[in-house]
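Lettered A, B and C in written order, each chain numbered from 1.
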Amino acid sequence: MVGPIIDAADIVKDYGSARALHGVSLEVGAGEFLALVGPSGCGKTTLLKILAGFEEPTGGRLEIQGKDMRGVPAANRPTRIVFQKLALFPHKTVAENIGFPLKLQKVAKPESDSRVRAMLDLMHLKPEYLTRYPAQLSGGEQQRVALARALVSQPGVLLLDEPMSALDAKLKKSLQAELKKLHREIGTSFVLVTHDLEEAMMLADRICVMRSGHVVQIGTPADIYYRPANMFVAGFIGETNFLPVTATKTAAGATVTSPLIPGASAEIPAEHVSPALSAAGTALLVRPESTRFVKGDASPGEWVLDGEVEEYFIKGASTQYRIRVAGLPAAVVMDLPGSIVLPARVGESVRVGFQPAHAFLLSE
Amino acid sequence: MKKGTADIGNTFGSIGRRSVLKGMGGLGLAAVAGNFLASRDARAAESLNYMCWEGYNAPSILEPFQKQKDASISIDLITDSAGGFAKLAAGASRDFDLVSSDSPWIQRMGPAGFCRFIDEADFAGQFAEFYPQFRAPFAPLAFEGKATGLPTRWGWVGPTVNTKFDKLETWSSYAPVFDSAYKDKICLLDWGDWPIMPLALYAGINPYEELDEAALEEVRKVLRAAFKNTRAIVADLAVAQKGLIDGSFRALIGGGTYATSALRMKGHDYIQSIVPEPKNGLKQGIIWMEATGLIDNGKNSQIAADFLKYIVSPEVAKQLAITEATCNLVPNSKAEALFSEEEKKALQMDYMWTAWDNSQFHTVAPNIDDMLAIWQEELAAR
Amino acid sequence: MQIEQKSWKDPVLIAMVAPLAIVMVVFFLIPLLMTAVLTFQTTQYYRLSWTWNLKIWTEVFSKPHYWTIMLRTVGMAVVCVLLCVLIAYPAAYAMATRLKSYKTQIQILIIFAFLTDAVLKTFGWILILDKNGVANWLLMHIGFPPEMLNLLFSPAGTMIGMVYNLVTYPMFTIYLSLVRIDRDLVLAAYDAGASRLRTFFEVTLPLSRPGLYSGAVLVFVLSLGAFLEPRVLGGGTSPLASELIRQSFETRVNWPLGAALTLVLIAIGALTLAVSAALTLRRRPNQRSAA
């Protein structure tokens, strides 16, 4: 059995008296695509620098491909990084940039040339770009050259430090798709740092959510989205609704009641209950796409809230409603399938329904 | 060029008169400063523009005159006699009223048309106070019987010796300059024609006469021989004096009293300038003299002539003799009574007529440009 | 990379360029032309006469010693550039990398070095280089024979003075271009597998070239005009062009000759710059950073 390609345990990093990482543990499997996400200052970039060898951890253990990385300089690690600002050498041509790692490994010129060309093909760059300088390329092309430079020496792990944050939305989308495809084609482990959870969910096999130097949750995109460890993770992507409830644990899961829906109680199956459930601040996580307008009778088991349309946004494929509900601090957000017929107008009284058994029960 | 405005000599509180050329920038700056002074004192009844060597511009000389005559004086310092002449010749004479420079150049300014000839009778009172050697008719400033200006300062050029290290008798000839025992112990002052003249005299050539090719070749040979033995060719007086005092130079060649008196005045009385003995009938010393002339600028104001009388008067002549940077002799015999014993000793007044008798009188040598070109060539080949 | 293509007839462009163009013409081109015109005249009895002949140029080309001095001046300038760069680069590199926390103090020191009067600094060297000066005193006290160095009044003394007075220029220009290098580029080289030394030669050195070249050009041009150092420290052992030109203008009052020598110096200097530019900038990439 192949062990993890990166095995980090209890990594601590101090800058003077400030602690940037509080004992972070993480494994990255061979060929896996892992995303490190979190708000600015959460420590994800510091962790990446430690992986790359630009920073030495204050404490903990780091093994890459089974070898202890303590004291191993960046140059001797099986990792290659793509920088946020790409860091292409402005005084070298595209060919020289891509071929730089091979030149350092003293790869013979003919072989080096053919590998550079192969990278160029892989990145869908035209051969005439070889003699150009980075400043003569577009942002997307520079991105691909940076990827090619990082991949040409066939690293064990590719590290990506928010490489797409500076691109416009459309270019970003197409490059994200290409990156995913590239990962599947070459099978190298990727570690992507991003503050954009949506990007992480699109690309990564697993996501590691960080906050203030701690790992909050590691899991598949589905885990992170539907079974967040706490409200921080749940709120990190898109918009979501928290319905305050009172929960009682049972053998099958939990029984919840809400002061907003007098007399009603619902059974939440165990797999929809956060393992870290505590008594304080318990809430049902209701995703906006799991709600509907109730006209007529409610479905069996469905909970219904009375409210008034505050605002709506037509987004094309979907229409978003914000419903003011008495007793809730924030408006309830609903994502409904787009339709030529508007289901409700601003100021209209509506009823919002959802299945509590399909929601996720968590606490702060 | 770079650092063109830097005045090397001033930094060390003394000025190499014939040296240390401030460059065009310096001249321009002085002109601007002059104009500024002129405009500031526009209220003064009359203004004088005065081109002169360092020393003539001392406030103790200028201020009493400005008060007495309600005049303002703007100064343009000369850094090179020939350069000053050329500047006036190029048209600057229209802007000046007075000029004090080396006598051969003043002498030429009358015939050249930008200085007024003076009627020596007008200055009979002044001449009467001068030593007999400077009385009218004074040949060194005359051209075909017509005189330009009055003599104002003088001295002699000969070896400047530190008697702590060398006896004066050693320097009764310029021979040590070429003696291998003095290798790397001689300093030539890089002051235009001044170091060339004594070396030519030693070679038996009188540089103040018209020279043929053979004679110029002799000058070249003597310069080449001197350069071989010389430690340094120095333009800055302070550097030369420092070396002389600490003994790294045994003698300065090309200076003389101009390089000596201020040191003696400061107590270095073991430094002395002498004049070598005549060699094969050729006097080896050189007398230099400065004179002050009246520039012909169309205005020809009386006040300029008044200044001429003022600058040679005994009290002012004494001020002119003893300045911060250099100390020099003056032609007015009545000034002698005003000097203290120390000042007389500093000026080597007991030796002055011996020097006079054994010297050539400095004029513009007919072949000076040839000799300067030879100097440049031999220096380049060093 | 978006350089707007504008016509030379664009009135806005002309208006923007005009002040600089006028300044260049008035303060540079016209004086240069006047200098050139002067070389075809002669002087007689210390006065310029408008003769229009080639006498001066014949003299300049027939007397080898003018060329000796000119070539020595260029040679000294080249040596001075090399020494200045060799001293300035490590100093600037240390300032930009190792001594970052003393950045302000170092910059203040450099500015002071610029502001101190060059005349004063040059005279200071006399006290150090003299036979009985500080340098020999120190050497004697650590066991060397007395008066070991004889640097004052030698070409080496001139060179020491020139290097000392000029080394701050490349130090500053190199420092400025070093601190502008994105730290990520250095990290990228390490990441690609380069050692520190290799990174220096592959990334740092090429990217600091603008500062290196501008510093070298500054030193070269200022060295050509070196006046003070040969005068104070050279003792007539290494006459350089500016002193020759001054002598021609002032002592010999031969303005046409001085003008001709000035033009020769400018021409040799420009030629040297052009040749070295052609040699070093053959493969001049677009230095704009990719970001």
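In the analysis below, a contact is a pair of C-beta atoms (placed from the backbone, for glycine too) under 8 Å apart; a residue touches a chain by one contact, two chains touch by 3 or more.
Remember, predicted model here, so these are calculated numbers, not experimental data.
Chemist: Which one chain sits nearest the middle, judging by mean Cα positions?
Modeler: Closest to the centre of all protein C-alpha atoms: chain C.
Chemist: Taking CA centroids for every chain, report which one is farthest away from chain B.
Modeler: Ranked by distance of C-alpha centres from chain B, the top chain is A.
Chemist: Distance from the CA centroid of chain A to that of chain C, rounded to the nearest Å?
Modeler: Going by mean C-alpha positions, chain A sits 56 Å from chain C.
Chemist: Where the CA atoms of chain B average out and where those of chain C average out, how many Å apart are those spots?
Modeler: 36
Chemist: Would you kindly tell me how far, in whole Å, the mean C-alpha position of chain B lies from that of chain A?
Modeler: Averaging C-alpha atoms per chain gives centres 90 Å apart.
Chemist: Spell out the residues on chain C that touch chain A in their complex, using ranges where they run on.
Modeler: The touching residues are 1, 182, 184-185, 187-195, 198, 202-203, 206-207, 285-291.
Chemist: In the complex formed with chain C, which residues of chain B make contact?
Modeler: 1-4, 6-8, 11-12, 21, 23, 79-80, 82-83, 85-86, 89-90, 112, 188, 190, 192-193, 227, 230-236, 238-239, 242, 246, 248, 369, 372-373, 376-377, 379-382
Chemist: Show me the residue ranges of chain A that touch chain C in the complex, using the header's touch definition.
Modeler: 52-54, 73-76, 79-81, 83-93, 100-101, 104-105, 133-137, 142, 149, 153
Chemist: Given the complex with chain B, which residues does chain C contribute to the contact?
Modeler: Residues of chain C touching chain B: 45-48, 63, 65-66, 68-69, 72, 117-120, 123, 126, 130-132, 152-153, 222, 225-228, 231-232, 235-237, 239, 242, 244, 246-247, 249-255.
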